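Some notes on the structure that comes next.
Note that the chains take the letters A, B, C and D in the order they are written out, and that residue 1 is the start of every chain.
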Amino acid sequence: MVLAVLIALIAIALVLPFFVGTYGIKFTTRVMVIAILVVSLDFLIGVTGLVSFGHAMFLGLGAYTLYFISPKSEAVSALIAIPATIVAAAICAAAIGAIAVLARGFYFIMVTLAFGQMLFSLFHDTDVAGGSDGAYINVVPQFHIGDWLALDFGNRLNLYYFCLAALIASYLFLLWLTRSPVGRVLQGICHNEARVSALGFNTYNYKLLSFVVAGALGGLAGGLFASIDGYVTPDLFGWRESGLAIMMVVLGGTGTLYGPILGAVLFAILEELLRSPAMVGATIADHWLMALGFVLIGLVLVAPRGIAGLLERDRGGKPAAEPVEAKAPPARQPQPGKELATEELSRRFGGLVAVNGVTVGFQRNRVHGIIGPNGAGKTTLINLLSGVLPPTAGSIRLDGEEIAGQRDFLIARRGLGRSYQRTNILLPFTVGENCRLAAQARHPHPWRVSDAAYRQNEEAAVVNALQAAGLTARRHVRAAHLSHGEQRQLEIAMLIASGARLLILDEPLAGMGPEETARVVALLRDLAVDHTVILIEHDMDAIFAAADTLSVLVEGKLIAHGTPDEIRRDLAVRAAYLGQYGDSEKVPG
Amino acid sequence: MTVTSRGVSRRRLLQLAGAGAAVSALPLARPAIAQAKPVKVGVLLPYTGTYAPLGEAITRAMELYVKQKGGSLAGRQITFVKLDDESAPPKGPELTTKLVQGEKVDILTGTVHSGVALAMSKIAREEGIPTIIPNAGANDLTRTLCARNIFRTSFANGQVGLATGTAMAEAGIKRVVTCTWKYAAGVEFVEGFADNFKKAGGQVLKNIEVPFPNVEFQSALAEIASIKPDAVYAFYAGGGAVKFVKDYAAARLGASIPLWGPGFLTDGIESAVGKEGDGVKTVLHYADDVDNAENKAFRKAFQDAYKAAPDVYAVQGWDAMQLLEIGLTAAGGDAAKRDALNAAMSKASFNSPRGPFRLSAANNPVQNFYLRELKDGKNQLIRTTATAFSDPGTGCKLSA
Amino acid sequence: MELVLIQILNGLQYGLLIFLAASGLTLVFGILGIINLSHGSFYMLGAYLSLTLTSWFGDIFLALAAGIPIAFAFGAAIEWLFIRHLYNRDHLQQVLLTFGLILVFNELQRILWGTQPHSVPIPAYLSASIQLSDTLSYPVYRLAVGAICILLALAMMLVIQKTRIGQMIRAGESNREMVEALGIDTRILFRFVFAAGVALAAAAGIVAAPIESVYPGIGERVLIISFVVVVIGGIGSIKGALVGALLIGLADAFGKVFLPQLASVVVYALMAAVLVTRPAGLFGRA
Amino acid sequence: MNAAATAEDTAAPVLQADAVNAYYGQSHILRNVSIRVMPHEAVSLMGRNGMGKTTLLRTLMGLLRPRSGAIRLRGADMTGERASAVARAGIAFVPEDRGVFPNLTVEENLTFAARPGRDARADWTLERVYGLFPRLAERRSNWGNQLSGGEQKMLAIGRALMTNPEIILLDEATEGLAPKVRDEIWATLRLITEAGIASIVVDKNLDDLFELAHRHMVIVKGEIVFDGPTAALRADEALIHRHLGV
């Protein structure tokens, strides 16, 4: 369906110049240029999850770059002009992004708005380039091969087909990038930044990369935009243009790349239509902005996922079939897991000591359970171990190396993987894609656009992880359609795929039915063949069955550590669970 | 002068050109209509946003003129094709293209915003279509960017500034602070002013520039008060002008430091500023009470037709049609004879409500300038400060 | 030195005015979680209400008294018609819908009031000016606007601190679900909060009309500056909005005098600086 | 009080849930849960973490919409009603995290949602609540976030009483509190039960629950596996060991 629409669009675009007049050609050229801007914005908004309210600044930067490099009375070579607009915008995007990407959510929206407005003011209020009235580019770029004028942006048809090609190229480039290893991480960040970070990716670098790529293409759009009429104006930087670009993205459907292109087309047609008295009547045409307003409002209320949402009603496939009973995985080769030890580890929150002087060692290739009443500090402890929180005091050694206080993604790269109390996977991805992303964490640099070098290794890791987690049969099912238990299994599979040799699992059995519980307990036992496993769990039957050692945490202190039998006999532990008051009091908080 | 009614005004629909409405505005697949066609006049003006009142006044006057001539000029029926430019420069080229290539208009008119006008004029030059600018004052339009087919019936920013500089020097003012928005038009108004004012021995103590469209003027007023010049020369327009004039009055600066400016400081906002505008002196190429027959007839006709008084923008629109009529007549009603049309228009000379009107070599009006003082809600004519005053047209390579 | 004092006065007065507009925005944002791009339109609504009501009643304060309830009712209607559908939607859709509202409101304004700039008379008893230096006077009405803003701000604080509805609003800010579980219909609470936000923006527009003059598009500048204030202060924090607004007011006033070339950049640079050092604003909860 | 409860046994239940199924997203949390609570009756709800206790309370409160089944309060159908309507009809909720509003004072926390009950003569007033928790009276002008955990729990209970409910749902009544404070809370809960307010109490301290409530429910993986009097539960050591103990 989508492919058909896109092919039809391209076909129409190819032959359109033969049927419409010069105005139609120019109009369509402009729509295509805006579409480049919009599709690059979607890469930022829909793919990476960064909502920029200043994307038009790259339109302006590209346009003014062309202005600055164009000699007064002759054409600049397109061979120079096009790369120049892209590079200039990319450099600015890197500088601005380095600051902007620090902010999150709404604050990111506002920072990008602020940068856009600053650039607008700079070009509007100063004389660097013609001031508020804008400036002319007298001769737009050309490209000569010898004496032959191969490409002339001043020629409408030349420019038309060049812009069409640029749009298709931009779309395909972004599509390719989105589907490349880098894109996989960016989409991961969009859906669940914490998870991606915990897998060992430095999300800041990835977000910055996305900002630069989008900015560079925005610059391309700007250069082409300035070529249409040879006129640049500071208003190109302004928040209205940025706002309109967002409108088109949302109108078309975020995160689909092609949707925003349709959004740009629809928006242009709507605008033309609503202001034509012959088409809609004098009253509406006279108040066309109001009509446009109502159309936008209506679309938000009726089609929240944009045009793309209408085109692919059943996006994401059918709900999963009944769970398939996984066959027993083939036995894997034993491998050493990692060893973890803490010494006097503590963490305070204001007056509350959530973790209080915990000294404990977790031997390799064992399953270690941590139990304790709610509020005992279990989750805080594993947040310390995995680097989500820095400890207030104490040390953590992973295979003898000190890791206390390191950032989470750095610790993750040392082979420590963790799951979360709430299932923390990428719901829109398939099971296989989730694991693929995790496997990629073994080589987490952001300039990895091709899997080629690592494909074999990582594919093997994915297959192994799916097998170990009993999810081989579910590889192509979207994570959102898995049962709760399977989602928890998937999270474990991701950790395995990421190459972690020490797994920290926060309540992996919570919310599971009895059969699922049994299945995951077996999985945990099996994992110890080539991993060290640390888990928090409340299901006592399960944890006593699964664990080799148990650590009991109460009020932030480790009150017991030993085999399940030793713990079962421990009086202090009984007190913590069976209604007799313990000796310690909880610090009021 | 425009009478503005307080409160909820009657809903006013823009009058749509009858036959022009039949033209499809969709860019795609337009069948060519080959009939005995009326002359199509493309009108690119703001109908929404800050400049909407100006667009409206110009449109009204143009339509009134054609209506008075029975709907045709030089024997050819006139059809207007109107487009709202929203005063948005990024849209300028697109909308101009739409008129010229999409609607295939014969003549182009517009617009108010200089940025849009510059975008428009670029395409107009490339297309060679006869173009009449009824307001936008960017100097370049009739200086470096002048063209045979581009005419202006309003003014060049610098021209008004120059005239005001002379008038202020003649009034015995020596030390001045200028005050404007930091944007192209503001700069041009101030530069023109400073040129002539300094030539006459005056001294500009400081240029205060406020970011456009910021209307927080208290800081500027505080600075003016601390500098204590003989007078202030200020250029603002629309809502900003209302606010500046009122703030100036509220700061009680008017008594010791008279406020001067180009006419746009007070035109169209007379009733909005009320008594607080009393005493503001401005120089412009028009005043309501210019004493000539054309002005009286024009004012009466406009008042009768629209129940509102015309302003300088209406005059500029009116003259755009006078100019067009002269051109069309010379071309025998055939708008396709662009050379004849252009030649006749550039040599045109007629009586405008503002006084005698002709065009300079750069196709910018050569016209009288008037000193006016705002009093009782009216810009009252004090005297004519310059007759047949021309913009230098620096950089224009056209010869007369 | 004199210039500095005057600029402080100017900065404070301007800051108080934008505080009034921004407080409504931060309230709606903090409690309802709605990014309301149409907030500036409500400021514009206030300005035009001021125009019409002052011409009916002859006095700006009567216009204020009548305008606030009108704006409140209008806000409640808008919430019921449009905004309530957005509570569970993402920010992008909120942005799109409220952008649509701006277009509608701008056109409504054009139909109802036309495109000419207007001015609203200052009441005779406040039209005096106070002599500040031998040439400069400071208009009493501007001081009055400052005073009105302080009064409205105090009234707002009083409502929020002392009344039941204020308690509900504060409660809703920290734990919406618990409020609901205590028997308070948060749908109605939210409608009230949105309407109050609209009324605050309109109140700012009403009192500002005599010094601003009334013209189309008057709300857009206010919208952007209000967002800047909200971000600097921290989303949802009234205290933050006050501090942010005064900071912006002063930065703007001094920027114009000491950095005239970069005056309009100063405000945004201030915001960027705040966000880099305190990513959730000065008083925001990260 | 025993006698009263017995006398009411034949009366209609104050709160009743029939075959309720509830989900969080894809996860099926409550499976065919049916419960009934009689007027004036305190019932305990036990089970390990993650078994669905909180979800059941939230579903009864109207904070989570059941996918199927029915919830009735004094015979009136409350299924799918908003929590505010449920609260006004007479159910109060004391969540595990207490839900004290940090930016309201103690007194504001108590009064802002206060509501008269069906029997206005016996209404809970500020004085009565302060009588029950003298500590709250001392701290009446403190902010909610300046209280200790125990004080917060008291405040949450007091706030629930101020809405004069028919039944109170108490999640983790004493978890994380100091022993002395726990005793205080249990004593208060007994007073409240004597005052005729029904309750469902979630806690992990079996002994205290046995002392307060005469009927107990055990929930495992979203299903009620036991519903019966104290003696029956005490007798079933296997059940206690399997689902409640270590």
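One rule holds for everything that comes next: a residue touches a chain if its C-beta (ideal position, glycine included) is under 8 Å from a C-beta of that chain, and two chains touch if they have at least 3 such contacts.
What you see is a predicted model; the values in this text were computed from it and never measured.
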item	value
Graph separation of chain A and chain B (steps between touching chains)	1
Of all other chains, the one whose Cα centre sits farthest from chain C	D
Averaged-CA centre spacing for the pair chain C and chain B, given as whole angstrom	35
For chain B paired with chain D, centre-to-centre distance based on mean C-alpha positions, whole Å	76
Euclidean distance of C-alpha centroids - chain C vs chain D, Å	43
Interface hub residues of chain C, defined as touching at least two other chains	106-107, 110-111, 263-264
Contacts with 2+ other chains: residues of chain B	48, 209, 211
Residues of chain D whose C-beta touches two or more other chains	none
Complete list of chain pairs which touch one another	A-B, A-C, A-D, B-C, C-D
Touching residues on chain C, where the partner in the complex is chain B	2-3, 6-7, 10, 13-14, 51-52, 55-56, 106-107, 110-119, 121-122, 129, 131-133, 135-139, 141-142, 211-218, 221, 252-253, 256-257, 260, 263-264
Complex interface listing, chain A residues touching chain D	373-375, 480-484, 487, 507, 509-514, 538-541, 567-568, 573-574, 577-579, 581, 585-586, 588-589
Interface residues, chain A side, partner chain C - complex	45, 51, 99, 102-107, 109-111, 113-115, 117-118, 121-122, 125-126, 239, 243, 246-247, 249-251, 254, 287, 289-290, 292-297, 299-301, 304
Chain A residues within the chain B interface of the complex	16, 19-24, 26-28, 30, 121, 124-125, 130-134, 136, 228-231, 233, 235-236, 240-241, 272-273, 275-279, 282-283, 285-286, 288-289
Chain D residues touching chain C - in the complex, by the definition given at the top	61-63, 82-85, 87-88, 92-93, 95, 99, 101-104, 108, 111-113, 115, 159, 163
